[in-house]
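Structures for review follow.
Okay, so chain A shows up in both of these, paired with chain B first and chain C after.
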Partner chain A sequence: MQAPTGPYRKALSDVIGFLVRRLANYIVLCLVATFLAFALASLTFDPIGILMQRNPPPPDAVIQAKRVDLMLDQPIPQRFLSWLGGVVQGDFGQTVAGHPITDELGRRIGVSLRLFLLGVTIGVICGVVLGVVSAIRQYKLTDHVATLFSFVILSIPVFVLGTLLKQPAQAFNDLIGSNYLQTLGEATPGFQGTWFESLGDRLRYLIVPTLTIALGQIAFYSRYQRSAMLDVLGSDFLRTAQAKGLTRRRALFKHGLRTALIPMATLFAFGFGLLITGGTFTERIFGWYGMGDWLISGVTAQDTNVVATVTLFIAVLVLISGWLSDVLYAALDPRVRV
Partner chain B sequence: MATITSDAAAPGASPVDGGAPKRERSATRSRLVLRRFLRRKGAVFGLIVVVLLYLMAFLGPLISPWGYAEPDYTAFLQPPSAEHWFGTTKIGEDVFAQVMRGLQKSLTIGLLVGVISTSVAALVGALAGYFGGWVDRTLMWVVDLLLVLPSFLIIAVLSPAFKGESWLLFVALLAAFSWMITARIVRGMTLTLREREYVKAARFMGQSPLRIIFKHIVPNMASLLIIDATITIGAAVLSETGLSFFGFGVQPPDVSLGTLIATGTDSVITYPWLFYLPAGFLVLFVLAVNLFGDGLRDALDPSSTRARKRATKSEEESE
Partner chain C sequence: MTAADLMFDGPTPEVDGPVLKVDDLRVSFPSESGRVRAVRGLSYEVAPGEVLGIVGESGSGKSVSSLAVMGLLPAQARVSGSIRFRGKELLGLGDTELSRIRGRRISMVFQDPLSALTPVYTVGDQIAEALLTHGKGRVSKQQANNRAVELLDLVGIPNAAQRAKAFPHEFSGGMRQRAVIAIAIANDPDLIIADEPTTALDVTVQAQVLEVLKTAQEVTGAGIVIITHDLGVVAGFADRLMVMYAGRAVETGPVDEVYPHPRMPYTLGLLGSIPRLDADEKQPLVPIEGQPPSLVELPPGCPFAPRCPMAVEACTTAEPPLAEVAPGHHAACIRSDEIAGTDADAAEVYGVDVVEEPPIAAVPREQRETVLEVQDLVKAYPLTKGSVFKRTIGSVRAVDGISFDIRTGETLGLVGESGCGKTTTLMEILGLEKLQSGRIAVLGKETTALDRTARKAIRRDMQVVFQDPMAALDPRMPISDILAEPMQVHGYSQAQIDARVPELLDLVGLRREHADRYPAEFSGGQRQRIGIARALALEPRLIVLDEPVSALDVSIQAGVINLLDELKAKLGLSYLFVAHDLSVVRHIADRVAVMYLGKIIEIGSVEKVFGAPEHPYTQALLSAIPIPDPVVERRRERIILTGDLPSPANPPQGCRFHTRCFKFAALPEAQRALCLDQEPDLDGAGDHRAACHYAESRAVV
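Right after this comes the complex of A and B.
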């Protein structure tokens, strides 16, 4: 490879400048998003109201103490700033019930990330391959099967799919005569063993939930990839490439696939949003105590700090995937100069 | 149907309607679209199912002997029978009446959200992509912000506030947070389309930007927008049921397919009708909408003509 020179180097530094600007933009977005979630939660939640509904009602002194404890006597921006100040020092505040959030955070992030990363990796790779194959073999058997698969999967919401997949998992367990596939929890409680045994144990709990989340991702990406690839297949530049003597395979992969991946780069950031929502359902259905589960119980308990923490986590994930998508976009489409 | 102005290269014209006079051409084109659509059995099936489900959602409650909130104290957790077509719940409510009522609510919400959000997306995305500059930056910043805060999260957080409010507020919230994905794709495509020769030609001939957007850019994304409008209806039904599943959407005593599925999930093995019937209707509807959207795409998208011809040829060969 030659070192880039002249106008090419200028273009390269433009792209890098673009990516740096986007990154700065995303960091601001994260803060604004977390602030908005914090503010919305503070405005709509009424933790004192929940406390008051207890029977017998707690004495006034307890309520006043709780109010001061939750800083409800201060304006929202100030509450946010003091929470953010804690976050910077690694302290995410307390739940409504008074437990420190930081204690639980690491474990919950681990649980969620395990699910998300496996789901997105399997989903993107299998989805793009499936989409390209079914576009190239349009209206052949492969395409029909792949299309049917995507249509059916995309029509089944995660909370139905999870419950449905539990049935074949149960049947599989009955067949082999042991409870190999677990569908509740993320590890055997109190499991003792070596690192490797513990990995094996977690794998048993991981398979069905990962399948639940990956199937949706595969279907999602393959639909759009097929669509994008078909648009490219009908284009003039591909015909030109073939007319110039490239083999069909070479024209498809060097010219077609690259162009067809451009809309995919944008989709990636959004597929990730879908994944996070899907992950929330998956965690609830399979009894995983991850971040998604925390969001639901946080809203139910009307807990502002928990909601803000989960939002920050989601925002950081979306930031990373959004920025990755910008990098891909800049790499794939040299015409884009923002 | 977009008629093609003569002063630019005709991007949407298929070779079939090349040199015909204007009136006849548009008639031919719509007949062509209809014929292409009818050729897809899946799409026709989708359309029929969607129409039937909408009819059923509104006519079903009329023919049902039971109201959706009217318990039968003589039948608790009964399986489907002549008296209760879809069985009963643990407090004796008729599942058929509940599913019909839930279907009605879910489908109405889906349709409203789909139409509103796709229109917003096309407009915002095309404006941002075409004008660039500060309009682009402002719009995309809002889009990015709404992405970082997933709609599911915002609506869940706001849900304690709209308990007891009208479900139309819920529709407004769903629509307000579901157009971003499409808008960003539309923007990406507009960025590329803007540099195409026919758009440049139109611009140099002095056409107004809005006219270029509506005549040359949006029609070129018709296939995408149509897929998207239908998929959004399906997706809106999915988000509505998802939120309702957790109790953040449609509130009791009203029911939606989501609340019904939530009740049925725990007893899927013991009382399967409580889960499979509402879940089945939900999946059937979303599947039908998706099939319909896909068929429309094939019928409307001029660039698939070539592929069509090849497919028709291979179909003829195989017959």
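Right after this comes the complex of A and C.
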């Protein structure tokens, strides 16, 4: 590629301007999403109720102090603004139990992202490959098997799939005669070793949960990639490419797949939502203390700040994936670069 | 050493004999009702540098046979016979071996230029790819890119170096087809197969593209196989003609021989079914009754026999072989000698009646009632920007102040290329809504002033027939319901409806007993007849026809045109006939209005506008239409317009046509100022008016 010049440089700056404007819109959307989650949680949660159920009941003074501490005496917008003020300075408030959220946040995000990013990468790549193979071998055995696989996976809820996957993992362990595949936690507690050994240890815990998430993603992307590829297979330009002297295989990859990837860019934003739902349950099932797990325990503990924090995190992720979709789309399809 | 020299792997061995020799080619596809035998024993040859035209209606196997030559048929196709290219057998070669020949020795131009280029690569890259694929190691990327620009220049893309960097969507249809031709000639092939290369294009662009193909042939010296349904294109372009029917060749021969002396009734019918631009007086068209046979189970005998007016007992026993009837001229008909003997004319053989002129035609048009009057009609679409706060940044004046009227018993043809505003005009007339500007009166009633009841009453007098007969009928309604619907809406009693439906079917030449069938059981031509019957149900005075025959094959089209002619005479109808096909308009219309960029630039009687056009655009339009007669067609002087239609959002200043006008280009500097500064008015002596400052009549047909 040569460096962009002339009108192309202008086009490039237009694209960048567009993406920057998009990003600004997203910040507003993040705020709206978080406010809604915050308001909804505040309206329904009753952390004091939990406190009162203790036996023996705590004294009134303690309850009052807690009420003030949690700012329950103030209107919801006020509480949101004061929480948001903290967030801007990097302070996400405290849990109901009184621990600072910020302390735990980094570690939990690390745990979740490890799972999400691996799951989505494997899911997209394998899904696209499977979809392309299905399309090229339409109505052959490979296609039928891939179709069956996708529909079975798509119809099983993630929490069932995760639990089911523990069985073959156990069978694998029995087969090799060691507990290589771990299905609880994210690392061996108190594991000591070099950086490399520690990575190996984490991998043992990572395989089955990642597979749980990736399978759903593979099933999702392969179905859409298959139909996008089928559209392209019948297209005139593929015929032109072959008439030019490209072999069928080269025409399929250089002209066909490249064009069939375009609709996938849009889907990426949708697929990410599916991923996060899956991730939440997967973390819970495999005992990972990530963001998804936190959301569920936050709800159990009637903790508004935790729920709002996790919501903000999810909103940011979803919008980043939407933004990536736009970037990918513009990169793949010259027709939208206007 | 230039890039062009690198394209060869040494001198091409001079082999005598044909470039391409197809022998007993058979292609079949599996389908739910059995194997479709799309090509059944086809044999032909193409000599070096020769142009062979293959003509046939949809489903005759003409495209399938050429895809077989390229080895581009889908995997489930079964192919047998022999395809020899310069003596080398192509059938049975693997994809890798074929790909070495495809694009280098044989190349192809496809029908739809809009989808023939990969949307994600630049045009220049796609042309260069053709060179790089076949010149691995010998052609550098830089050389290929340079050559791609040269090729784009050769096919007439202005500013080629810069345009090579554009993506296909930034090219117009005509430019894309030029780019596809550039790809086809990139490696200096021995044979170019062009499959309906101009069907999807407007006539003036078609003329440009055919010119480019001719240049391409002169440059490469390649043999060309041009596949088309347009006998006019073949007449001017091809040396030899092959007519296909039901998967076989039924007649072949030099064009100079076949056009004047067809020896197979099908060819005769095809030639007679085309409305001719150069017809002096109104001759009836020859419709070929029935429809092509199903290729799943062909009965024995000549496949054309069921539609043939000359069929005798012997025709149904065996399929006649292609036999030589004159030197180089073959026909597959047992009665070909009789056709030659009588030198019969198609109308006579097919027994077509001449439609009687209705009595109203004798009344001068000034004394007839005005059915439709359009005055200074304007329709502008705003161009907006932004999504939340929409702001108008300009407007597209799709229709920019047009006026015309239609009198009783008259047909006005509204013609122009795509994007000229003819469909918008029609929608404004049909809408009966409030107008942005101007006035429309139907039967003397102004549409703007109507209330609901009055509007409904007018709809009764003005009906419409749409372009696509497949999409215009509800597939879930039997045709009796389709025909009854307008009458129910207008409050006819059930008894009236029951009486009227069979009447309507009779009127359009369908059988009464088919009333309970569904649209899917009818062919395209029959469906269009149903559409016409529906329009007639309420006994309207005016029928608006939106490209009513452009989706039909020529032989079917002739039947529908004849029907329209007949109904007009019988029922005293008036038509507003919107079309891009000027030959059809010449045949059916009494008056014609030519539109360009939202304005009428010439209007008048058919005899005047076609016989002595005054506006340069009309002249170019008419000269671009091929005439199905090789002698006439080759003698004609063709006016080739340069460039594409300017954007209607930003029409040129002064005369809108000056950017493409050949007359403007030839004017001395002093006289050009008028065209640049002042928009010409539509004026002229009497009924025939043209909007040109330097209007002068010129015979171009």
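Keep this in mind: the second predicted complex is superposed on the first by the 292 of 338 C-alpha atoms of A that agree within 3 Å, B and C clash if a C-alpha of one lies under 4 Å from a C-alpha of the other, contacts with A are read in each partner's own complex, and residues count from 1 in each chain.
Criterion: contacts are C-beta pairs under 8 Å (C-beta built on N, C-alpha and C of every residue); 3 or more make two chains touch, one makes a residue touch a chain.
Since this is a predicted model, take the numbers as computed values, not measurements.
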Which superposed partner A:244 touches (first chain B, second chain C, both, neither): second
Which of chain B and chain C A:262 touches, first, second, both or neither: both
Touching partner for A:227 - first (chain B), second (chain C), both, neither: first
Per-residue contact with chain A, leading partner among chain C and chain B: B
Interface residues of chain A shared between complexes with chain B and chain C: 235, 262, 333, 335
Chain A residues touching chain C - in the complex, by the definition given at the top: 8, 235-237, 239-249, 255, 258-259, 262, 332-335
Residues of chain A that touch chain B when the two form their complex: 25-26, 29-30, 32-33, 36-37, 40-41, 43-46, 138-139, 147, 151-152, 154-160, 163-164, 166-167, 227, 230-231, 233-235, 262-263, 266-267, 269-270, 273, 276-277, 280-281, 284-285, 295-296, 299-300, 302, 307, 310-311, 314-315, 318-319, 322, 329, 333, 335-336
Contact footprint of chain A on chain C as seen in their complex: 70, 72, 95-96, 99-104, 107-108, 110, 112, 115-122, 126, 129-130, 133-134, 165, 167, 169, 180, 183-184, 187
Contact footprint of chain A on chain B as seen in their complex: 141, 144-145, 147-150, 152-154, 156-161, 180-181, 184-185, 188-189, 191-192, 195, 223-224, 227, 234, 238, 241-242, 245-248, 261-262, 265, 268, 275, 279, 282-284, 286-287, 290-291, 294, 297, 303-304, 306-307, 311, 314-315
